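In the two complexes below, subunit A is the common chain; its partner is subunit B in one and subunit C in the other.
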Partner chain A sequence: VTDRPPLTPTTRDALAELLLALADDEFIVGFWDSEWTGIAPMLEEDVATSSIAQDEIGHAKALYELLADLTDDDADRIAYARDADAFRHASLLNHGRRDWAFSSARRYLYETADAVRLATLAQSSHAPLAQLATKMRREETYHLLHARAWLRRLAEAPSAAPRLREALVELWPDAADVFAPLAAEDELIRARVLVEPMVALFAVWQRRIRSELEPLTGVLPASAPRADGRTRRTDDFRWLHGEFTSVVRADAGATW
Partner chain B sequence: VVTAAAADARVARVRAALATIPDPEIPAISVVDLGVIGTVDVDDDRVRVELLPTFVGCPAIGVMQQQISERIGALGVAPTVEVVVTLDPPWTSDRISDEGRERLRRSGFAPPAPMPPGPLLGQLDELAVLPIAECPYCGSRNTTMDNPFGPTLCRAIYHCGDCRQPFEQFKRV
Partner chain C sequence: MSDVRVDHVWEVFRQEDEGDPMVHAGNVNAPDEELATHYAREFYGRRGESHRLWIVARDAITELDDPDLLKPPFDRSHKKPGGYIIKHKLEAAKQRALTERGEAGE
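Entry: the complex of A and B
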């Protein structure tokens, strides 16, 4: 590990932007999932959602640690001491959990997008990121199966199917923002930190899921990752940010 | 300067001590049988032990690091002990030893089935990812998965159709 050539400052900054986007996505989706702990539709689902939330926040921790190593920072500080405006998660994760159909629709869209992204990251020239992505894929396979199982189950239930359909249609434009272009993406491609541009990953993802979704939703409109797809903010997110920083704010600098 | 033979003897002592450290979440199995111990190096200054997390977000990692530091520190083979968490190589459930599988079974856990050959990742084949578990109590394969997620990140919940016992399986991952 120590004989890796040092990154140039330009590559390091580009990598830092990528890691922050990835980490914030996992962190925020994990916190939204944890909102279901204790109130999921059934006990087994309570266990499953909580376990998935723990996985996602664990992934976020590992990604924040890679970032902290790179920028000589602290993972906890990055996670808990930033203003809401400094987060870089995709707009898909700006929505509150709402009902189970809405959360299930979001999870399906996020997991399918994340699977495409992780497959590319596993080939990254930045070895610590490639190793982490390789490991994360093994765990995310279970999340993906779970998300697809709920999609099918809700689609078959007469009372749930319309709500699922509405949620998918509403979230569809925001889901593209998981692949929002990064400011320093050219540098990431040049350094092979990212082996394919986000827009190419987006196309792979859309091809893969349209055939599964459209029997349910009808033809979905064209969508595209937006330049501000990772800087949009909502009241839902500001509320969540207030929740997940509340303990840290209650006693700044405390150790336990 | 440590001769090769002396260094080997020290590594063997460290490995023997590691084999007595239980997994914090499933104490029936040692960290060695669980396969979370990677390379062990010893020189005059330090012992270096690689620890491979079963799951990235495993909350037991800190406890494992501490237990390993204390147990190996007490051996006195070198002044310092370094426990390095690494994902290279990634831990997979195939790293659990035969002894470990037997110990899991005896404490009511189905061991994970071996990983199938060929690419598994990214496949959407549920049967490939969610293997059948053998009931650790009666040996029946007439079992159903109740939940691919369980009380810890690495465990799934099953039910035996023959002896009617619920049980857990260490996840194949």
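Entry: the complex of A and C
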């Protein structure tokens, strides 16, 4: 029983596009960070990083399930049975994990952007999404503290600081793509599924982190979310896609 | 990353529920208090098993394990409360109390 009118097909399609973008971001960042399991700088950090990566994949699962409910699909199919080109994560997540400084820089950029995005989603008119975003924010608060702790540590370490700086500068333009415009964004705004356009969220995010990053990196160039920010794919990602689909492809259609 | 120090040990105590005693859970290595807090949370709280954690730098703990102070060589039985036969005295006192209450009630 609900007092909300059912979603129109237009709103449903727009919502599906948004959910896929959110879910793919969480899924792919989770897979990249899970690559540190066993090789993080120390045992405690190994457990922490692996656990955070699992959290992200857990968030992806919940988002894929919302999407599957909406489109009468299957969460596992969406996650594991799509071609690499059908993924809609932001270009920030196209890069391999590389070294610890690079992964830490990416985590910081992603977590800060995700925090801005989740704050808005928690006010979504689509109640299941608002509830999920509220729940995710509680875990993401810790992820953000962890990412910020490493940013500071690496910035203070003479051997790590240059690598961190290089990584931040390289990833900076791609980080904007977390806020890449969605094709059906006007509809999402009209239906209040999104209460603010992506470009406004992008401005909030940049204002917030420039003051934290620029003492480290120097003045960062202007950047902006790109129209193809969620459709660019790289060889790094194609490799990862091959990895995370390898077990499913080994015996297609198997019941696990 | 040779300049990231990992040689600090933090002892972690956990409380399962409000009001329960804080019990030593184990320890974590971490270069500073901030990461120690994250790691303590991962090791002793990520499954929702803890209501509260105390994270204490091992350096901040004063340890006493001197056997001369804790396990003195002489007989200490006179410092323990045992050895007094008071069972019959207790029973007599109970009886007396009952009788007195009975008389007061009449």
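General observations
Here, the second predicted complex is superposed on the first by the 252 of 256 C-alpha atoms of A that agree within 3 Å, B and C clash if a C-alpha of one lies under 4 Å from a C-alpha of the other, contacts with A are read in each partner's own complex, and residues count from 1 in each chain.
By our rule, contacts are C-beta pairs under 8 Å (C-beta built on N, C-alpha and C of every residue); 3 or more make two chains touch, one makes a residue touch a chain.
This structure is a prediction, so every number in the text was calculated from the model and none was measured.
Once both complexes are superposed on subunit A, the partners subunit B and subunit C clash.
Applying the stated contact rule after C-alpha superposition, one finds that A:K61 touches subunit B and leaves subunit C untouched.
In the superposed model, A:A160 makes contact with subunit C only, not with subunit B. Within the superposed three-chain model, A:K135 lies in touch with subunit B and out of touch with subunit C [touch as defined at top]. In the superposition on chain A, contact of A:R97 is made with neither subunit B nor subunit C. In the superposition on chain A, A:R226 makes contact with neither subunit B nor subunit C. Contact with both subunit B and subunit C is seen for A:H146 once the two complexes are overlaid on the shared chain.
Looking at the shared chain after the overlay, A:H89 reaches neither subunit B nor subunit C.
In the superposed pair of complexes, A:A115 makes contact with subunit B only, with no contact to subunit C. In the superposition on chain A, contact of A:A48 is made with both subunit B and subunit C. Touching more residues of subunit A than its counterpart among subunit B and subunit C is B. Residues 44, 47-48, 51, 142, 145-146 of subunit A touch subunit B in one complex and subunit C in the other. Here subunit A touches subunit B in the complex through residues 1, 44, 47-48, 50-52, 54-59, 61-62, 115, 119, 127-128, 131-132, 134-139, 141-142, 144-146, 148, going by the rule given at the top. Those residues of subunit B that touch subunit A in the complex are listed here as 53, 55-59, 87-88, 90-92, 120-124, 126, 129-130, 146-151, 153, 157, 171, 173. Those residues of subunit A lying in contact with subunit C across their complex are 41-45, 47-48, 51, 100, 142, 145-146, 149, 153, 157-160.
Only residues 1-4, 6, 28-32, 34-35, 38-39, 41-43, 46 of subunit C touch subunit A when the two sit together in their complex.
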